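After this come two complexes, each holding chain A, first together with chain B and then together with chain C.
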Partner chain A sequence: MTIQITRRAALLGGAGLAAGGLAMPAIAQNAPIRLGGLTTLEGPFATGGQDAYRCVQMELERINNTIGGRRIEFIRESSNAQADVALARARKLIEQDNVDIILGPLSGAEGIALRDYSRTLTGKSIVNGSSGASDTTLRNPSPNFFRFSTDGTQWMAGLGRHIHGLGIREVAITAGDYAFPYAQVFGFNLEFCRLGGKVTQYWAPLGTTDFTSQIAQINRSNAGAVIVVHGGTDGLAFMTQYAQAGGSKPLVGGSIMADQTMLSARGPHRRVMMGMLSGGPIADIIDDPTWTDFVARYRRRWANEGGFASPSIHGVNYVTNLYGILAGLRAVNGDLSGNQAAFQRAMAAAELTAPTGASVKLDHNRQAISDIFLNRIEERGGNAVVVAFDRARAVNQTLGMPEAQFLQLGSPSRDNAGCVA
Partner chain B sequence: MRNTILWSLLGLVALLMLPWALPFVLPANEAAFWTANILGRALVFGIIAMSLTFLATYGGFISLAQMMVAGIAGYTLAILVDGAVPHILGGFGYGAAIPLGLLAATLMGLLVGAISVRTRDIYLLMITLALAMGVFRFIETNIAWFNGYEGIRNVVGPTLFGQDFRNPLVFYHIALATAVLLYAGILYLVRTPFGLVLQGIRDNPRRVAALGYSVGLHRIAAFGVAGFIAGCGGILSTIYNIGISPGSIGLGATVNVLIMSVIGGLGHPVGAFIGSLIYTVFDTFAATIYDRDRFNTLIGVVFLAIVLVSPDGAIGIGARLRRLLARRP
Partner chain C sequence: MSAGMDLAATIVLNGLTLAALYFIVASGFSLIFGLMRVVNMAHGAMYLVAGYVGYAVFEPLYDRDVWYAWYVGVAAGVAFAAVFGAFVQVVLLGWMQGQELRQALVTIGLSIIVADQLLAIYGGTPRQFFAPDAIFGSTQVPGVGGYPTFRLVQIGIALAVGIGLWLLLNRTKLGMMIRAGVDDRQMLGACGVNVPLVGVAVFALGSALAGLGGVVGATAQPLAMGADGRFLLISLVVVIVGGMGSVTGTALGAVLIGLAEQIGQALFPTYSVILTFVIMVAVLALRPQGILGRA
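Let's turn to the complex of A and B:
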């Protein structure tokens, strides 16, 4: 009995020592900058997450993983678009992997969770990946959270004005019943209702497959256009049923509606989507040399390794935020000392050009002020592509409204959809 | 018997001392990470898994609603407590909001028990899963009370003896104390007449009914107890996560709790903690050990291996080894 216990104890002790030895970090001179990546490689946005890492890897390879004479070590983590999982991964990156900066996350609720976590940190920075909830930076912002990409409300900038300019005075809005569509509808209504436009909203929970009754109501109404703020399978279902019901009103899409994932799917929806207008931070074709060059490099690097025909919205957002980090690091020559105070000041002051050619700078909440594109779906060489035909420059988070007045409007929700005259 | 108690006490002392022992084998920041984010998280998940293990071991009921019940406690706390964002009701301190959260979870447990009282086996599994998913969908789409998909944030937890609740040492010891109290409570409860009737129901409900006991009431009460246990886990996990969102009680989270219970072993409440520790370690480090795009494969293979090697989970492996050792002359 005694012998067994000793043996067991010895084994346990040995295992403990081994684990300790394995976990010990390699201590090197002129230690590299540790950049933690957090995106979704599982769950509903897995393809977007993979593309985000593709684009980030490409841009890091371009600078040879070095800045200010220091190597950048990129440590990848993955969540599944759930806030608590993202938080657990972020804690692991900061506390176990000892990263200096986190680049991520991808989706809205994760962004808010990480913003809250960043407030509890000192000497670390979290720079957004692609999450687009406006409250992440608008309400209770954290001094350690930076976002060089734009949010869901900003993405609709200019669209309401453009539709009104086409002579359309009344629209029907069909949208998902959750935070991201609220933000998008809010952004559209803010402009459209101000100009005297009238909107009727139809909400449907995420995962709706049957839109026939909604479509029947919309077709009977006086609406001059239909604004579709759905994404993924919901969007596909709406478009298919709208086409089958013989819908003929002009269509306008939210930012995740006019997207290659929709356009590459086969079905009757492609017919009605031709000519569809939309707003967002990217398009497939933007007449800008920076974008043309970025797309060409993306295709060269990833054509044979699973890349898309054109970089995704998530890839572009991650790279825009990476540019923000790199601009900050370049300004301080890779020096993160003093609890990153100088680095964070440099990031807050950074002005850069996103892969799309849009110019980016930050406001006092460390939120991007950047360009938004007005897009139309066109046929080019037998393929449907999203083409940018106009851009709204330097769109801020409140769409030009004074911040106090904008905050007074409250958070976007189904009961507060921004339609104030 | 005395031997078991001795070993349990030794184990408890070891667990109490662990945060001070870790810095000897790990750098300081990693020791803090292990204390709060591996051991603390495993304890919290373990408590929720233990509510399932309690029902399964002593009543023979496999309930998939335990994560949802835990979430009810978390949401009640988040709705009531001051400082949460967005402000839903507020007006309560942690001293009042936490007991109310536990009460809500207990009531939800009783409700789940009452609704599913006539079902067993696969049908019980399905009805509890349906309840969990129904509540999940409701919370996900309800803005007024639960703030929908984004959930309620900034539930930072109370300050205890001048220490922040989420300080790794404080959090770990509170989670440990809660787990130990609940664990001891279960071991006590199953020796009381109530616990014996419960085990009777597991073995032969008809005979228990013939003896004059109300099978239904005992079942509902057992679900209430499990609801309280899950509620404790829900409160701790909400404070640990600085808030709660529907993802914390979704299908993935529900299945994770089942996985923890199964790989730990459904034969004894301690299995829940072993399972949750294995789960947490692999969940955290799989991406470091294995390809980052494919790390779920590693997690799946490990779980499959445990269940294949030992159908009664990790505690079954222990029992098997002991038998192997005993057979030696």
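Let's turn to the complex of A and C:
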């Protein structure tokens, strides 16, 4: 068998040589599709980045790294959640590794940087990894940037209303001072303030690991709950220090707080996180057969190689976006010719089912419209797990508001956090 | 006491406890620079490596619920950092004595290699030590209320390190040699002192302090990739502000930077980082040798 292939390859090579330029398109068609992965294997989201690659690798192995008769070559790059680093690595993927498509990045500001970079490219596509800043696709979108995952604002759909429904009228929000938390806080405030709720915001730069002074202020305030929109090590530091300071207000998490990246780390934070509410695109336990199957495959594949008890939010977002790429490639049978025009059209029209069972389609900005889960952290069999107890279907980027009206609210930022009555 | 005073007192205490951690780490950096004139860019790597090695020893013991788990973790981290530091001085830096740029580059390279190896071995999951119950809960502090006990212990450890270093430098033969070496290495060698050996001892001690900082720091806040760069930068800023090679200067620098960071976080969180560097710029402009540094 090996000999046969070698011989065929030799013949093909010979034919190629003989035919010269004429045979070139055929060879290009059979050349592997180069898919560049960009995630954070360094910095505060290293754990999430690692899991993103686990999930992507698993799904590529599942299709035997082949689509439309073409092999997919996956080239891994890493950044540290900083926009400039992500941009440099993306350039490296495009210019030196000569990739056709980039799958990534993971973090908010990186997404905006890559969106801008994608606009300068011809015949290349960048498909989001897990970054969730809303402006990446909402304002000034790039025709070469696709996002099959939902953004940070969407992830908070229903949460503000739910908290208000619990009788809580004033909350303290502690959040990272960068694009993704802006989007999350904006989504929460939009509902909570509209219902008459009052918020006090505490911002801290990404990479802050000492929150004690902020916690001292929060514990002395009248807030009825604390909304924690941090992630990675920052989130873990906040939760640990909150527990150590004897914090007792109910906690509500941003979407990357209630995640296995946080729950699998040991420490006193687990105690205060029990019962925490959150909103987001995934939960550990979702009553959906697609998700049950995905989780089972994930556990089989990674249980002995450092995988989590359940796939992380970043893993699921990367896979959802990978599905978008694969749907596009399948539709054009792996043909990326014509500066990827047909492929990009196919991606824009793709409708798919995310690993969570949520249905995904893109809006006119190539941004996902998909399902959002309301979650609670519960103890199951001695482990802390995130359980979905409600599901909002087909949430769009403006949370159902007419787009013009939503755009008028301005871009989410520290000074424009969506709290309009 | 009013709520405002209460909060102010907490923030000042936070600043001081943070300063204690900064002092522990930066004193090692300052010590190495003082005698060896080596800007040890791998100082953060020592912090990181001690944290991870200490944790690897700590975790199985903690699982078995033995009370001394944390102490063994501290000892393991400190010992490993000390041996590693001595190794670096003997194998890498010793024979390029006096070539400052070369040494700086070698230590930068070393810190990159160490960080990547740690990522490969331990993965990206943040780690955190849990101190023994006796020093883990919260303590009533007058004017502040309940306050994490471990952060108060941090101040105790820093004081012990400070006093220990002072005694070592001013009351022992080794200290005498170190101080003499700071002033004139060649003359010290001519007096029959084995200067390279003193150098190894100083490097081991400096690294051990980074290691102690690593374990103590990883008990107060999560340890993860990137902590090496953060603590290297902090060490640099602290010794630049306080004055290179001076124990009291390092303590003063640590207190200023720790307080600035915490007060900044409370008053203007987004720009708190700037405050730290404003202090550094001001010191460099008005007193380039550092507040207590010798000209």
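Heads up, the rule we're going with is that the second predicted complex is superposed on the first by the 340 of 421 C-alpha atoms of A that agree within 3 Å, B and C clash if a C-alpha of one lies under 4 Å from a C-alpha of the other, contacts with A are read in each partner's own complex, and residues count from 1 in each chain.
Just so we're on the same page, a contact is a pair of C-beta atoms (placed from the backbone, for glycine too) under 8 Å apart; a residue touches a chain by one contact, two chains touch by 3 or more.
Computed from a predicted structure; not experimentally measured.
Undergrad: With both complexes overlaid on chain A, does A:245 touch chain B (first), chain C (second), both or neither?
TA: Touch partner of A:245: chain C, not chain B.
Undergrad: Just to be sure I read the superposition right, which of the two partners does A:392 touch: chain B = first, chain C = second, or both, or neither?
TA: It touches nothing on chain B or chain C.
Undergrad: Regarding the shared-chain residue A:183, is it in contact with chain B (first), chain C (second), both, or neither?
TA: Neither partner.
Undergrad: Considering only the touch criterion stated at the top, classify A:209 as touching first (chain B), second (chain C), both, or neither.
TA: second
Undergrad: Scan A:217 for contacts with chain B and chain C and give back first, second, both or neither.
TA: second
Undergrad: Just to be sure I read the superposition right, which of the two partners does A:236 touch: chain B = first, chain C = second, or both, or neither?
TA: second
Undergrad: Once chain A of both complexes is superposed, is A:42 in touch with chain B (first), chain C (second), both, or neither?
TA: In the superposition, A:42 contacts both chain B and chain C.
Undergrad: Touching A:264 in the superposition: chain B (first), chain C (second), both, neither?
TA: second
Undergrad: Scan A:414 for contacts with chain B and chain C and give back first, second, both or neither.
TA: After superposing on A, A:414 lies in contact with both chain B and chain C.
Undergrad: Go through chain A and flag every residue that touches chain B in one model and chain C in the other.
TA: Common to the two interfaces on chain A: residues 41-42, 50, 80, 177, 205, 414.
Undergrad: Under the stated contact criterion, what part of chain A meets chain C in this complex?
TA: Spelled out, the residues of chain A in touch with chain C are 41-44, 46-47, 49-50, 80, 177, 202-205, 207-210, 212-214, 216-217, 220, 232-233, 236-237, 240-241, 244-246, 261, 264-268, 306, 414.
Undergrad: In their shared complex, at which residues does chain A touch chain B?
TA: 4, 16-17, 19-20, 23-25, 41-42, 50, 76-78, 80-85, 87-88, 91-92, 95-98, 108-109, 112-113, 116-117, 120, 133, 135, 139-140, 177-179, 205-206, 411, 413-415
Undergrad: Can you tell me which positions in chain C touch chain A when the two form their complex?
TA: So the residues of chain C touching chain A come out as 3, 6-7, 10-11, 14, 18, 119, 123-128, 130, 136, 138, 146-148, 150-151, 220-222, 224-226, 230, 261-263, 265-266, 269-270, 272-273.
Undergrad: Which residues of chain B touch chain A in the complex?
TA: The touching residues are 25-27, 29-30, 32-33, 36-37, 41, 85-86, 137, 140-141, 143, 148-151, 153-154, 166, 237, 241-245, 247-248, 250, 252-253, 283-284, 287-288, 292-293, 295-296, 325.
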